[in-house]
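Shared between the two complexes below is subunit A, which pairs with subunit B and subunit C, respectively.
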Partner chain A sequence: MKLKLATATAAAILAAAPAMADLVFPDLSYRTGPYAANGIPFSDGYQDYLTLLNERDGGIGGEKITINECETGYNTEKGVECYESTKGEGSLVYQPLSTGITYQLIPKVSADGIPMHTMGYGRTSAKNGRVFKWVFNYPANYWDGASHAVTHILNENDGDISDKTIALVYHNSAYGKEPIRTLEKLSEKHGYDLTLLPVDHPGQEQKSQWLQIRREKPDYVIMWGWGVMNQVAIQEAVNIRFPMENFIGIWWSGSENDVKPAGKAADGYKALTFHNLGSDYPVYDDIQEYVVDRGKAAGAGDQIGTVLYNRGMYAAMLATEAAKTAQEIHDTSAITAEQMRDGMENLEMTEEKMAAIGLPNFGPEFTVTCENHGGNGMGAVAQWDAEAEEWSLITDYFQSDQEILQPLIEEDSMQYAEENDIELRCDE
Partner chain B sequence: MPEQVIWGMEVFLNGLMAGVLYALVALGFVLIFKASGIFNYSQGVMALFAALTLVGIMEGQVPFSHLINATFGTEIHHFGWHVPALLAILLTMAVMVLLAWLVNKLVFQHLVNQEPIILFMATIGLAYFLEGMGDMMWGSDIKTLDVGLPQGINPMIDEVTYGIFGYGFFIDNLDLWATGIAAVLVVALVVFAQYTKQGRAMRAVADDHQAALSVGISLNFIWVMVWSLAGFVALVAGIMWGTKSGVQFSLSLIALKALPVLMLGGFTSIPGAIVGGLIIGVGEKLFEFIVGPLVGGATENWFAYVLALVFLVFRPQGLFGEKIIERV
Partner chain C sequence: MFYREAGDFKTSYAEDTQTFPIRFDRYRYFAVLAVAFLVVPFVINDYWLNAVFLPFLIYSIAAIGLNILVGYCGQVSLGTGGFMAVGAYACYKLMTAFPDVNIFFHVIIAGGVTAAVGTLFGLPSLRIKGFYLAVATLAAQFFLVWLFNRVPWFYNYSASGQINAPERTIFGIPVTGAETAPWATYLLCLVFLTASALIARNLTRGMAGRKWMAIRDMDIAAEIIGVNPLRAKLSAFAVSSFFVGIAGALFFAVYLGAVEVGEVFGINKSFLVLFMVIIGGLGSIFGSFAGAAFLVLLPVLLKNLLVGGLGWPTDLAAHLEFIIVGGLIVTFLVAEPHGLAQLWRVAKEKLRLWPFPH
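After this line comes the complex of A and B, so read on.
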C-alpha cells in the first residue's frame, strides 16, 4: 500500500512539474477580483503567443515552452507568494503586471538571479542597468509616458504651452504618483501650470475632482488610472462636457474596457501606447489557426485584438525574442535564468525582426544595453473611435524628453544603489 | 456673493446626492442587521451579483456559457434576444429571491443561535462564493448597463442657478434619479415595516426571535423575506453604481462607502442610513473642497471614517441606533 502511495505521489509530482529541459515562463496573472477585466486579456495574449510558438515552431530553438500560471488577484502579498512558489521551477523571467508586486520582487529577483521585465510599469529608475542588473522596463516607462503626453500637447500648440493649464487626475498610490515629478520638471521647462488631483482607491467616487476641473477649466487633463477609476473618470468628463480630445490617459487608462461604459460620448478620448493596436497582423492568423482553432487558447478566445491582449502578446514576444538572443549568445537551447538575463540585456528589436515575426510596425525599434534597460523611450498616442469601437494610432512613435528624464533616472537609481549598497556595473 | 460660497453650495448639493448613493448601499446592511443581527459582509457583492444578473438577462447572455462551452465543446454565448429593462429587473428580482431562499436554507438555517461572529464569518464566505458564482455565470468583462436612466448635467438646474448666481451648478441627472428612487424606497420600507403584518413580524423577530417564534411567526419566512428585501436594495444600488462605472467586479467595493454611514447612522435604523449617508456625503465633499487643497487632496475616504468616529464618541450606537442596555 505504501509503495502504491509513493508511486502515485511520485507520478503526480512528475506530471505537475515541468520537464527540466523546458523553457519555463511563469505568468503571474489576475483572472479574479476587481481588476480581472484587465488581467484576463493580458494573460490570454501572453499565453496564446507562447502556445503559438509551441504549436507552430515546436517551442524556441527546439525547446518546448511551459507556462506556469499563478493567480495574484492583483494583490501584492499573493504576487509574492506566487513568485516564491514558482521560482524554483526553472522560471526564466517574471512579468507581474503590477507595480506593487514589482517593488516587492526587485530585491528578491536580484538575490535569486532571475530577471524581471516590467513593461510600461514598475520602478521607472530600473531603466538604469548599472544599478538594476536583473530588472528591465523596455520599451517605455511611466516617466516616458508623462513626457509623451506633454510632447503631444506641445505639438498640438505649436510648441508653446506656457499659457496652458494641465490637470493630472491620478490614482492616489505609488503608481499614480509616478508622473508627478516628471510633470513638475516639464512644467518648469515649458511654463504650463500643473494641477494635481488625487483619487482614492478604487476610484468609484470622483465628483469632487471633476467639479474642481469644471470650475478651474484646465486646458488638458492627463489621467493615471487603473480599473474602475478609468471608467468613472471618463464618464465624469463626459458629464461635465470636458472636451475628450484634450483628455489623455496613460497606457493603463486606454483599453476598450475604459471607454465602452461611457458609450458614444467617449469618442475622441486619447491614450498613450508603446505598441500598435488592432488585429490586422499576420501573427493573428497563426494564433487563430494554431491556437484558437485547436482549442488551446488561454481564455475564451474573445479578447484577441483588444489593447490589453495585444500588450500581453507583445510582452510574450519580447520575452521569447530575448530567449532566442540568449540561445544565440550562449550557444545552447536550454537556457537558464541567468542566460535569459543576458539575452534581455542584448535584445535588439528592429522593424525587420518584427515583420519576420508577423508583427510589422507593432512596436518601436529599440536596443537594450548594459547601461540602458529601458529602451529608447518611444511612445505614441491613440484615439478612441466610439462609432467604430476601435482604437487607432494618431501619431508616429516619438521619443520622450531624455534631457529631463535621464537626470531624474540617474538620481533616483543612484539613491537606490546607495541605500542598498549596490556596486555599479557596466564600467569595463 | 463670493465665488467660493457659490462653489461651496454646488459642492454641498453634490455631497447630498453622493450621500444618497452611499445610503442606498447602507440600507441593505441595515435591513438584514435589523431583522437578524447579522452584519452582512456580502452586501456589496450582492449588489454586484444583482447588477451582473440584470445585464446578463437584458443582453440574453447564456449563464455559465464559458463552463458549458469548455465542457461540451460548444460555442454558445447568447440566446439571441434582448429583454426590456423593466422585465429584466423583475426577473433579476426573482433570482435575488431565489438566492435569499438558498442562503437561508443552506447557510443560516444551520447557524441559528450561533454567535454573531460565526454568522459574520458565514457572510464572508458567502461574499467569496457569490463573487465566484457571478464570474462563472456571467464572465468577468466590464459590462455596460443602460436601463434608460439619463446621465450628465441637468440643464434646467444649470440654467436656473446661472440666472441667480452667474454660475451654473452641476447636478448629475443620474444622481437626481437616484435621490428620487431612494426616497420612494425608504418610504416604502418604512411603511412596510410599520404598517404591514409581515413588516411587524419582521420587527418582532428583530426584537426577540424566540418570543416571535412563540407567537407563531415563522423565522424562516421572515429571514427569506429580509434577505430578499436586501437583495432588492442591492439591485437598486447595483443599477445606480453600475450605470455610472459599468458593471464590473470592483462594484463590490462600494460596501466600503457604506461602513462609515452605518457607524454614523446606526446599524438598525432605515432613516439613520439615509441621514448618515447625507451627513457623510456632504461632510466629505465640503472637507475636500475646503481643506483638500491645503493637504494635497484625496481626503474623502479617510474623512468619512473620521467623521463617523467623532459621532461614535458621543453616540456609540450611532445617531438613530438602538441604545444597548445590558443588565449584569
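After this line comes the complex of A and C, so read on.
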C-alpha cells in the first residue's frame, strides 16, 4: 500500500500541473552551468519587461501575462523536456536562447503550431518565411553578423582587405559554425584569408588556439563565443597582447560579464549589436518604479541596464508588440499561439512605436512579411571602455551584404524544404 | 505469502532453468510486459514520452550494454558516449544513404557498426586492465567525438555540423521526424528494449556470460580453466557496443531528432550511463533498468516538485537537484554497495519467508 501510495504521488508529481492562464510566455532560461553568466541577464530582462506590463498596464490589452520559467542549462535534452512540459499550457511563443535547442525545436513547433522567435541566433535560413512558417529571427541573424564584422573591417581599411588575414575563433557547435559559409563567401569577394579555430564546449581551454593566433598573427580576430568561452578568449587575447581594437565579437560575445574579468586590458574590445546599449531610456524609470521597487525583479535584480538584460528586454518587447498586433488583427485580447504567429508575421517596428514604449531609438526599424521573417539585417559595432566600464556604439546601424546573404539563405532554406517536403507559402 | 516456491513444481530442465523460476515472479513479469505494451501506448502523451519514457527506455538499453562490459566482464569503460555517437552517426549515414530501407534495420545495422568499432577499441583490454583500461576507453570517447566534429562526411557537409533525422516510417507510421505519434515512438523503443533485455539476459546466463564472469572474477584462473581471454573480452566489447550503438541510434533518430555530437555524446554521457550501471547494480539486467529509472526520473521528479509544486526559483531548484541526486547516490552506495538490484534481491529473499521469517 505504501509503495502504491508513493507511486501514485510520484506519478502525480511527474505530471506537471497545467496552469491555464491568460497570455503565457514561457521562458526557457539557463541560470546554471557554464553559460549562466550570459543566461541570467537575458532572462532577467525578459521577465522584468513582462512583469512591468503586468504591473503598469495590467498585461497586454487587458489580458494578464503569465511567465513560465523552465531551466534548460543550455542543454538540448533539458530544453526538449522544458518545451514538452510547457507547450500544453497555452504557450504563445518560444525563445530558447540556444541555437542547439532551436534546431531541436524547429520541427516540433512546426508540428505543434507554436511560433518560435530566435532573435539574433538559431537557424539563419529561417529568415525565409516561405519555408519556415513558424520560425522568426528578426531583426538580425548570424550571417548578418558575419557580414557586419567584415564590413566594419572594410571600412577601417578604406575598402581594401585583400592582403589581410582574419581568424574566426568559434564555439565548436551548430552555433559557432553558422558564420563559416558566409565568411568564406565574403572572403571570395573581398580577398582576405580566413583561418578557422574551433573551441570545444564549454570553452575553458583555449591555449592552443591563441598560441596559433600568436604564431600566425592574423590582422583581425572574429569571435563566435558564448558563456565562459568569451571571458577566457578575451583573457587569452590580453595575454598574447593581441590588439583589442582588432578583436571583434558577435553580439553574444559582447556583454559586461565577458570583458570585466580581463580588467583594464580589455579596453577597446569590439562587439556587434543589433540594438542600443545603456540604461538611459524612459522605460527604465518604469522598471524601477513598477518592478524593482515593488520587489518583483527577476533573479537577483543586479543585471538591470547590462547589454544582455537590454537584449532580453528587447526580446520581450518584440514579443509583446507582436501580441498587440495579433490582438488588433484578430480583434480579441485572448490570442492563441496561431494568432500570435499572425501578429509576428505582420509586426512593424517603427520609431514612433519604440518611442511610445519608452525605448526611443533603441533598435532598427523593420517590417516582418510573409517572405521575410528576418528583418533587414541592420547592425552596429560597439566598443568597450574599460575606464568607464561601459559599452558604447562607435558606428551607425548599417546593413549586411544582402547580395551575398540572400542567395545563401535561399539555397539553405530550399534544401531544408526539399528534405522535409515543405510546401512553399506566400504565393497566393 | 504469495512469493514462494512451495508447491511450484518443475518437471523439466527447461522449466527449472527459466529466467523467473518462481510463479509469482513470472506473472509479475508478464503483467509488466502487458502494461507496457497494451496499456501505456493508449494513455501516453508528448510530455510523458519525451520527459520520462523515451529517455528511460533508451538509457536502459545503453545501461544494459555497458553492464555487460563493466558488470559481467569487469572491463571498465568510459567510452559509452563515443560509442553512442557511433550508433547515431551510423544510423544517420544509413538513413540518408538508403532512404528506402526500413529504419528498423538501420538501427540494427548501426548497432553492428558500433560493435565493430567497439571491438577495435577493446583491443587494448587484452594488455591493460582496470584504471588503465578506463583511460584507454576515455581516449576512444574523445577521439570519436573529435572525429565526428572534424570530418564533414559524417554530417553530410551540413553547414551547422548537426545531423538531423529525416522522417522515416515503419508500416507507414512515422517514427522519426516531427510528425510522430507518441505511441509509435514509444512502442519502437520498447520493442528494442525488450529484445535487448531478452538477448542480454540469455547471453549472460549462457556460456558466453559465464566466460565473461570468469574473466571478471579472475582472468588468470579463467585462462587456466580454458577460457580464451581474447575472445571473451572482445566478444564482451562487441556485444556491449552493439547495445550501446542501438541506444545511440534511437537517442538520435527517435528521441532528439537533431544532434550536436560534442554536446549530446560528450564525456558527461559516458559518466551518466556508468553511474546508472553502478547505482542500478553491476552484473544485473534488472539493475540496468533500475539505474536508468533512478537517474532519469529523479531529476524530473525533483524539478516538478520544487518548481511546479513549491514554486521555487528554477536556478535554486536546479542546484538543489544536483545536491539531492548526488547525496542520494552516496547514501545508496554506502547503504548498499551492490546497487538497487541488490536491494531488490534482498527484498525478494525476505518476501519468500514473510510473514514467518523464522
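One rule holds in what follows: the second predicted complex is superposed on the first by the 407 of 428 C-alpha atoms of A that agree within 3 Å, B and C clash if a C-alpha of one lies under 4 Å from a C-alpha of the other, contacts with A are read in each partner's own complex, and residues count from 1 in each chain.
Just so we're on the same page, a contact is a pair of C-beta atoms (placed from the backbone, for glycine too) under 8 Å apart; a residue touches a chain by one contact, two chains touch by 3 or more.
Keep in mind the model is a prediction, meaning the values are calculated, not measured.
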Putting subunit B and subunit C onto subunit A via the overlay, clash or fit?
clash
For A:Asn172, decide between first (touching subunit B), second (touching subunit C), both and neither.
both
Is A:Thr32 touching anything from subunit B or subunit C once the two structures are fitted on A? First, second, both or neither.
both
Thinking of the overlay built on chain A, is A:Gly88 touched by subunit B (first), by subunit C (second), by both, or by neither?
second
Touching A:Gly100, do we find subunit B (first), subunit C (second), both, or neither?
second
When the two structures are overlaid on chain A, which partner does A:Ser208 contact: first (subunit B), second (subunit C), both, or neither?
first
Is A:Asn75 touching the first partner subunit B, the second partner subunit C, both, or neither of them?
second
Which partner does A:Gly295 reach: the first (subunit B), the second (subunit C), both, or neither?
first
Touch test for A:Pro261: subunit B only (first), subunit C only (second), both, or neither?
first
Just subunit B (first), just subunit C (second), both, or neither: which does A:Asp200 touch?
both
Just name the clashing stretch of subunit B against subunit C, choosing from 117-125, 189-197 or 279-287.
117-125
Footprint overlap on subunit A, comparing subunit B with subunit C
31-32, 36, 40, 172, 198, 200-201
Note which residues of subunit C are touching subunit A in the complex, please.
46-52, 55, 149, 159-162, 164, 166-167, 177-179, 256-258, 260, 262-264, 266, 297, 300-301, 303-305, 307-309, 313-315, 317-319
In the complex of these two chains, what residues of subunit A are touching subunit B?
31-37, 40, 172, 196-202, 204-205, 207-209, 211, 214-215, 227-228, 231-232, 235, 238-241, 257, 260-261, 263, 295, 300
Could you list, by residue number, the parts of subunit B that touch subunit A in their complex?
7, 10-11, 14, 17-18, 66, 69, 73, 131-132, 135, 139-142, 144, 146, 151-153, 170, 172, 241, 244-246, 248-254, 257, 285, 288-289, 292, 296-298, 300-301
Considering the complex alone, what residue numbers of subunit A touch subunit C?
10, 13-17, 29, 31-32, 36, 40, 69-71, 73, 75-77, 80-81, 84-85, 87-88, 99-100, 103-104, 107-108, 110-111, 123, 172-174, 177-178, 180-181, 198, 200-201, 299, 412, 419-421
